[in-house]
Amino acid sequence: MSEILSLAGANLISPIILSFALGLIAALARSDLTIPEAVAKGMSIYLLFAIGFKGGVAVSAHGIDQTLVLSLVAGLILSFTLPVLAFGLLRAMTGLSTIDAAAVAAHYGSVSIVTFVAATSVLNGRMISSEGYMVAVAAVMEAPAILSALWLVARSGGGARMEPGLIRELLLNGSIVLLVGAFFIGAITGEQGLADISAFIVAPFKGVLCLFLLDMGLIAGRGLRQSKGVVSLGAVGFAIAMPLASAMIGLGVGMLIGLSVGGIVLMMVLCASASYIAVPAAMRVALPEANPAVYLTLSLGVTFPFNLTLGIPLYLAIAQTVTGG
Amino acid sequence: MQTHIAKRVEIVIEAPLERRLTDALTEAGVTGYSVLPVLGGSGRSGQWTRDGQVGRAGMVNVVCLIKPERLDGLLDAIFAVVKKHIGVVSVTDAQVLRAERF
Amino acid sequence: MQTHIAKRVEIVIEAPLERRLTDALTEAGVTGYSVLPVLGGSGRSGQWTRDGQVGRAGMVNVVCLIKPERLDGLLDAIFAVVKKHIGVVSVTDAQVLRAERF
Amino acid sequence: MQTHIAKRVEIVIEAPLERRLTDALTEAGVTGYSVLPVLGGSGRSGQWTRDGQVGRAGMVNVVCLIKPERLDGLLDAIFAVVKKHIGVVSVTDAQVLRAERF
Amino acid sequence: MSEILSLAGANLISPIILSFALGLIAALARSDLTIPEAVAKGMSIYLLFAIGFKGGVAVSAHGIDQTLVLSLVAGLILSFTLPVLAFGLLRAMTGLSTIDAAAVAAHYGSVSIVTFVAATSVLNGRMISSEGYMVAVAAVMEAPAILSALWLVARSGGGARMEPGLIRELLLNGSIVLLVGAFFIGAITGEQGLADISAFIVAPFKGVLCLFLLDMGLIAGRGLRQSKGVVSLGAVGFAIAMPLASAMIGLGVGMLIGLSVGGIVLMMVLCASASYIAVPAAMRVALPEANPAVYLTLSLGVTFPFNLTLGIPLYLAIAQTVTGG
Amino acid sequence: MSEILSLAGANLISPIILSFALGLIAALARSDLTIPEAVAKGMSIYLLFAIGFKGGVAVSAHGIDQTLVLSLVAGLILSFTLPVLAFGLLRAMTGLSTIDAAAVAAHYGSVSIVTFVAATSVLNGRMISSEGYMVAVAAVMEAPAILSALWLVARSGGGARMEPGLIRELLLNGSIVLLVGAFFIGAITGEQGLADISAFIVAPFKGVLCLFLLDMGLIAGRGLRQSKGVVSLGAVGFAIAMPLASAMIGLGVGMLIGLSVGGIVLMMVLCASASYIAVPAAMRVALPEANPAVYLTLSLGVTFPFNLTLGIPLYLAIAQTVTGG
């Protein structure tokens, strides 16, 4: 226990977490500090490209082992099914309408790439290796949850629109294409490719992540300020209970598949994290009646900081304890 | 300089719906449109800003100049898209050069 | 499609005053507004451009659709903010969908 | 609040011609103008977007408020620039505060 | 021959080329992946500054040899005359109008800095040195072709506008000023200056180039999708024949001047590449009647990827064979 | 003397200064070279974060010595009082109105972070260490001068508006929050945090500074072109006399407090430099009747380049001579 706490403590005083805290505080204090939209988008492109590329290189180096396909399939199934769990929890814990609950559920079945990146960075800092293809699992988990949410609404007789072109749009979403594309470029060019561009995608990575998290903190803080009274205590409880529950499922799945400790932690983080970039945009198209303030507050305002600060070290400690690693 | 009567339709709509709206405009037979960025704003659904956003968040302003006789059909097409969504539509009387373009 | 008479007020104002202007709009009871970026321009106080600027320089274009009866009160509120500052205000007659929003 | 009749002229024109247009406006005696960015659009010459562009691609929206009596001269000046180029010009009736500025 | 193929193969699986391919595929598949305009412009400023600076440092280190002036003069003459060749080929191979043909010709007389940068990067990867001042030759070749195109139109009785201020605008074009300015800064501050900022302009250079080419791929792909039916097969043939012909001229000139193998390759690339940034903007002012879809499709949609993938390794192989280097 | 000149000469041929000169020349020659607003803002965020972080790390490494509090208090007092000196000089040397003079005075009591950064970079280049907390002194000196200027106007019966919320806005200004926040992050995470992100905030720092100064040169040049006839010769004289006088005051204060030579130089630079980012925006709110062309021309068009080129080496030479360092 004290080990977990010291781990969490060490995690909390990293530049990454403190940058997020700075953004959060600045926004809550109504500072006019902002990061231009183009710069924020540029950093997110950089992070997706770098993480995808490094994942691909790792696969090219260690080869494709048999758990790769299992992991991808598991990711797919998890992304399809976690929303059902989330939906159930939401109906039990909150008074949200079917549509709002389904929309929130979509976010929790999908993933937050930044949380994934932060977890990778914690693993790297502790010299714990992980399967390179976990980044492909992350990509696979982005979209299916949205379809589950639409199905949940349809089942309840709600007016979810399975718009023509929506599935296509989900699969060809910019972040997925970039992540998967960079993964393949990394897998094809391998160590040689990495050597070519590591001064760009490896060395400054953590620093860029700091500024990106500063921005995330600013957005989360602004969102929290806007959303006073929008979410109930029960909803906040959900936003902490759900990642914990999902992480346990991720733990079980990861062990079943036979992932390394690092891989298990990343699988837990993928399950536990909630999308706040791709899914919100999809929801505006597919479930416009759902209230954005609710799902953004929960996923970006509560679950994201929870995972970033306490979740990741906790998942790591649990994974290490359980696997004896 | 010879000018011609036209209508200027401006639609502030959520960015994720931009393509759906412009597709609807094209189907309704408009000959052109322009999309202008919006930095931020406020409305019934609260205040927002584009600052620091990474996803397709916020609103855009789609401007469309059309012949007056097309207005009604166009508004129907627009309304079908914005109906359930966040957004405002305004129409002003305008005059344009080169009527053959509209 | 049923439309309703409205006024479209557009204010080009210095960026450092944006918040003061939108606060004044809100106090004057408008239900919403949109802020559009301006890249550059020219006026009595010279030419300017946003290019390369680091601070809160340049102007923004605040657009506000309102019921006609609110116009006078709104212009007073706007004028109190822009009075001593750089900026221009224009009003056009417009029509809007969904009158209940304004 | 006292307002004054004016014309609001908006020109969507190719970015490489922006300086030529604003020079023509200035020569035609306007007292000011604002340049707004356009993200993308569609017209007879196809669809376009500013995304990822490196050069001076795409269009800008130049807005100019003027006294009504200046309109004709101004449209002639504008037309001389846009004539051979891609672009649309619209005029709306407007009212402005502080008439002495226009 | 097999050597050329293996060279081309090695070139094709570099992160740079694959990033371009990713952008192209994403755009053709209608993914919504985009890079913000400001980020793309920022990267292009970075690349121009870095390449100019490094060229200047190289000149300051190796001194100005007598071929410098010859190269600049040759570049000037080539940029003035290549459009005439292009115009002739276009009239023979395509049914383009005088004005469209002249506009296309202007692009092929000018240069693509990104192609030049990609070639430099291939040379560096093979440890082949080249004259630092080739970057100044690139700058010199940007604008003259535009004047030739206007002359071609005027000669045919067309309405080319030699607008007042146009020449001034061409010479003070942002990319030329930045490239030449950075060249002088590099030449003045030399190795010491490079040491100061090499962690910025040398180390991450290739990585930035990847993201920039991703963007170029996106733009090229979007252009190709838009331009279905705009260009004839003859025009596409021109867009491949012209760089090959120009490269041969560049080879001859480079040998005549006495450039190193690396310098010859760069001279070939400058001749073979076609502008798609500065010249299109100039054409909208000077030849507005010309159809942008035609010249953009040919220069960015056909010639640029051709040079990037096959052209550069081919020119290198030819230069090495001919010079015995 | 000749030593000062050679120092100034060495300073002048650094990539940083030459980049500024390039921007200045490009703007004066009416080149269309521009840096997108978002990129410029991104670079300024990077620079503030990096400089703040490194200052914090320095404090965490060397500990808080007793001069820290003295320096902060001195910075506060200087920022409050320097505007009075500036106002007096302006009334003596120029015919500016009370309001214009007060607005200019506010700029000279505040600081230019970029000048501070350039000075740090000169010190680093000469291996002269300085107190890490000088960056906190810089933050402390940003805002008070604005209040002094308003007081100067009020005293003269002018209509300065002490708007509700203005003080709050000044203190929570984005640059101050970022600088101070990064300082604390650096102080908390210390050497370990620096090691994590030094490839981002240390290695490429000077290169980013070059591009940022290129942009500053472009803005300054554009401003100078616009402002022909706006400022009198007397005002230009002020814009050179004021930094010299302030630097001397900074020298005295720095020695009194017991700063190191590097610290004294930075204190001189803080006193001598004039704001051109935060204060102009505040003036538009608080003193809208003041003419922006006047204060921007003086602070960005005259004092900034003066300090950058001649001022910094001069202050360094003086500090070394006086302290015998």
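In this document, chain identifiers A, B, C, D, E and F correspond to the written order of the chains, with residue numbering beginning at 1 in each.
Here is the rule we go by: a contact is a pair of C-beta atoms (placed from the backbone, for glycine too) under 8 Å apart; a residue touches a chain by one contact, two chains touch by 3 or more.
If you're wondering where the values come from, they're calculated on a predicted model, not measured in any experiment.
Chains that touch both chain E and chain F are the following: A. Think of each touching pair as a link: the shortest run of links from chain A to chain D has 2 of them. Counting C-beta pairs in contact across A-E and across C-F shows that the higher total falls to A-E.
Chain centres here are Cα averages; for chain B and chain E they lie 39 Å apart. With centres taken as mean Cα positions, chain B sits 34 Å from chain A. Shown for chain A are the residues in touch with two or more other chains, namely 32, 34-39, 41-42, 203-204. Of all residues in chain C, those that touch two or more other chains are 36-37, 56, 92-93. Going by the touch rule set out above, the chain pairs that meet are A-B, A-E, A-F, B-C, B-D, C-D, C-F, D-E, E-F.
Those residues of chain F that touch chain E in the shared complex are 13-15, 18-19, 22, 25-26, 29-39, 42, 125, 203-208, 210-211, 214. Here chain C touches chain B in the complex through residues 1, 3, 6, 8, 22, 26, 31-37, 60, 65, 92-98, 101, going by the rule given at the top. Against chain A, the residues of chain B that register as touching in their complex are 14-17, 20, 45-47, 49-57, 84-86. On the side of chain D, the complex with chain B involves touching residues 12, 36-44, 59, 61, 72, 75-76, 78-79, 82, 88-93.
Interface of chain E with chain D (complex): residues 34-37, 40-41, 44, 163, 215, 218-219, 222, 226, 276-278, 280-282, 284-285, 288-289, 292-293.
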